[in-house]
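Here the chain labels run A, B, C, D, E and F in written order, and each chain numbers its own residues starting at 1.
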Amino acid sequence: MTNKIAVFRRARFNAAHRLYCKDWSFEKNDEVFGKCNNPSFHGHNYSLEVKLIGNVDPETGFLINLNELKDILKEEVEDRFDHKNLNLDCEEFAQLNPTVENITIVIYNLLRKRLDENKYEIVVRLYETENNYAEYPIL
Amino acid sequence: MTNKIAVFRRARFNAAHRLYCKDWSFEKNDEVFGKCNNPSFHGHNYSLEVKLIGNVDPETGFLINLNELKDILKEEVEDRFDHKNLNLDCEEFAQLNPTVENITIVIYNLLRKRLDENKYEIVVRLYETENNYAEYPIL
Amino acid sequence: MTNKIAVFRRARFNAAHRLYCKDWSFEKNDEVFGKCNNPSFHGHNYSLEVKLIGNVDPETGFLINLNELKDILKEEVEDRFDHKNLNLDCEEFAQLNPTVENITIVIYNLLRKRLDENKYEIVVRLYETENNYAEYPIL
Amino acid sequence: MTNKIAVFRRARFNAAHRLYCKDWSFEKNDEVFGKCNNPSFHGHNYSLEVKLIGNVDPETGFLINLNELKDILKEEVEDRFDHKNLNLDCEEFAQLNPTVENITIVIYNLLRKRLDENKYEIVVRLYETENNYAEYPIL
Amino acid sequence: MTNKIAVFRRARFNAAHRLYCKDWSFEKNDEVFGKCNNPSFHGHNYSLEVKLIGNVDPETGFLINLNELKDILKEEVEDRFDHKNLNLDCEEFAQLNPTVENITIVIYNLLRKRLDENKYEIVVRLYETENNYAEYPIL
Amino acid sequence: MTNKIAVFRRARFNAAHRLYCKDWSFEKNDEVFGKCNNPSFHGHNYSLEVKLIGNVDPETGFLINLNELKDILKEEVEDRFDHKNLNLDCEEFAQLNPTVENITIVIYNLLRKRLDENKYEIVVRLYETENNYAEYPIL
């Protein structure tokens, strides 16, 4: 047990995507990805939960000023992915299948660059639906 | 006050769409529909709530057998719209902008044909996001 | 449009039940009620939403003192049905199939006796699951 | 049954308040309002659901442009009440007990002035907690 | 920190149960288990959250094909426990008190047999009510 | 992996608070805490999730009797903080800024004194809003 604490903040974005491997036949993609392989896309309301771990500032009582974190989530996640087609509009997924696993890792890497590694560990959880979600990394 | 009761059943579908008027310029669509006018589409997890109003069968204690209603919702709504692009894949929206209002009315009309008018009034509520939803008709 | 307002209060109870008609064969019950006809029972977390309609007291700003309503819900609903077998333990369902429709009507009648008809209209909504619920009466 | 449709939009605000009648003794307020009468205040996360009823524009498929409604809710509700003490900071409650009933009616009146009566009926639902909420008016 | 990721999937079942120790008197069971000791049973809507931890397949972007996981959850959990009396119908609880803790461990063991130990760690969280749940194991 | 299990229990309280540092100017507090620095306070519906980790009693199948835990949460958390002004009414925050981080740590310390350290590890998660919450400690 450490003295550390975690703070969580949610963000949301609504996007279209298609799951498929470009090197595979339509039949093989259909077999593996089923209706997620629809060539004209489908979409989701993604709900993101970001967890930061670190030490509370004894003066303010904050781990992080949540307004600062809110702005980072807006810039790195909402402005980038909201009301977008992940396959067509987002360079992050030009060569990467936009599964919930891969979107989670992409968001982790985007946030990691913006938040001081010496101050914060980060865990990202992404809900694709209420029944289906991913979390990265495993600390 | 009548002797009638209402029973509700939920269904869900995940779909892509774009909001725009075909006769308008991109600029005018952009002004009215904003980021919902993204030409490469975005998407949502739609959550549907169907309300049937009628009389309880005194023998079974059912207004309707919910397995029957579940099957109708699967055929008319989930099989038709889940993992689809509403603009490209669904003839219902070939000439109709797939706003949450219009999708709600379309679903009402699909269900109205399948449920006996002498037995059931119907109200359809459709959630596009947790903050934004529509209901039709107003009884 | 009237000057009236509605106030809602929730309550909860967890109960076992079986759906079947005593006069029917097991085969007919199985056909109509499916797995809900399990003779050793199954159960639910029921969530109740009571809506009272009436006039706000201009002095207190209350339609009803919610502590009073909370006590009535505890006595009439929670103490009566929580952690009970509706078929075996509750006289209300000795001759009545405990469908979500019938439980809703029973609760309405129990509350109607306890709340002044000149002051309050009542609507009861009962969730058997998050996907399946009933409402009574239809005003 | 009319041709009308309803569209709903949510907003949120977090506020402090105290329930009491200025003309009453502390003892009488304590008897009626219990711990809600704490003179140093308590608070809630209020969640607002606004329902507009009217006709869909056949060209856009909108009852109302939700960006317009979102701005009105921000100006009339969130900017006015969020992170405020309803009793001390808000003139609407200078002479009015901020019960969930009264806050609901106040918000209805604020929104009624901003939305065209010829185009939209309005119903306001306000959640004080997940178990306790009000709705006004009763159409 | 590892390179691993977690994926979560939900399932649901509705069941009856009674909590008691067979070797104890009714009085002692009543003292320890209270109204959960009702001999005619009560019930719950159980909500299950299964977490798998492992490596993403670089080709598909999947940790596991969720259709495969969905089928396993249907076979091992939903078909086994939904609309059942855990005490009377389920051999897993013939000698084991069906507390939320024990049901969680039983489900973990059922799933552990079906999912490759070299590929996936598993954590099971089971909600008996929204206020009361268990998680196993602690990694 | 150990043989241990976790059990979770929720509790709720509604309170007023103000975020500020007593040694700072109003301007500096305004810059850091924004509208949370309102001198007449604002408030929240706090939702608490307590996680206990330990071994299941093989006879009862309980990690802890949840009625016992429920009573402890009522005494240590609900009776202490519900319908209170955290800054004015609660000695725990006389010298401590009531951020969600600090309230979480205070609750952890209150519960730690009441639950046997040899039997239970404790983790406390506190939701200030649905979008903003904290967890302590990090095991």
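One rule holds in what follows: contacts are C-beta pairs under 8 Å (C-beta built on N, C-alpha and C of every residue); 3 or more make two chains touch, one makes a residue touch a chain.
All values reported here derive from a predicted model rather than from experimental measurement.
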item	value
Mutual neighbours - chains that touch chain A and chain B alike	none
Equivalent interface positions on chain D and chain F, same or different at half	same
Chain pair equivalent in interface to E-F, over half of contacts matched, among A-F, A-B or C-E	A-F
Whole-Å gap between the CA centroids of chain A and chain E	28
Rounded Å distance, chain B centre to chain F centre (Cα mean)	41
Whole-Å gap between the CA centroids of chain A and chain D	34
Chain B: positions in contact with at least two other chains	130
Pairs of chains found to touch, sorted by chain label	A-B, A-E, A-F, B-C, B-D, C-D, C-E, D-F, E-F
Chain C residues touching chain D - in the complex, by the definition given at the top	1-10, 51, 53, 56, 59-63, 65-67
Interfacial residue positions of chain E with respect to chain C in the complex	12, 14-17, 35-36, 38, 40-45, 82-85, 88-89, 129-130
Chain E-touching residues of chain A, taken from the complex the two chains share	19, 21, 32, 34, 96-102, 104-105, 130-139
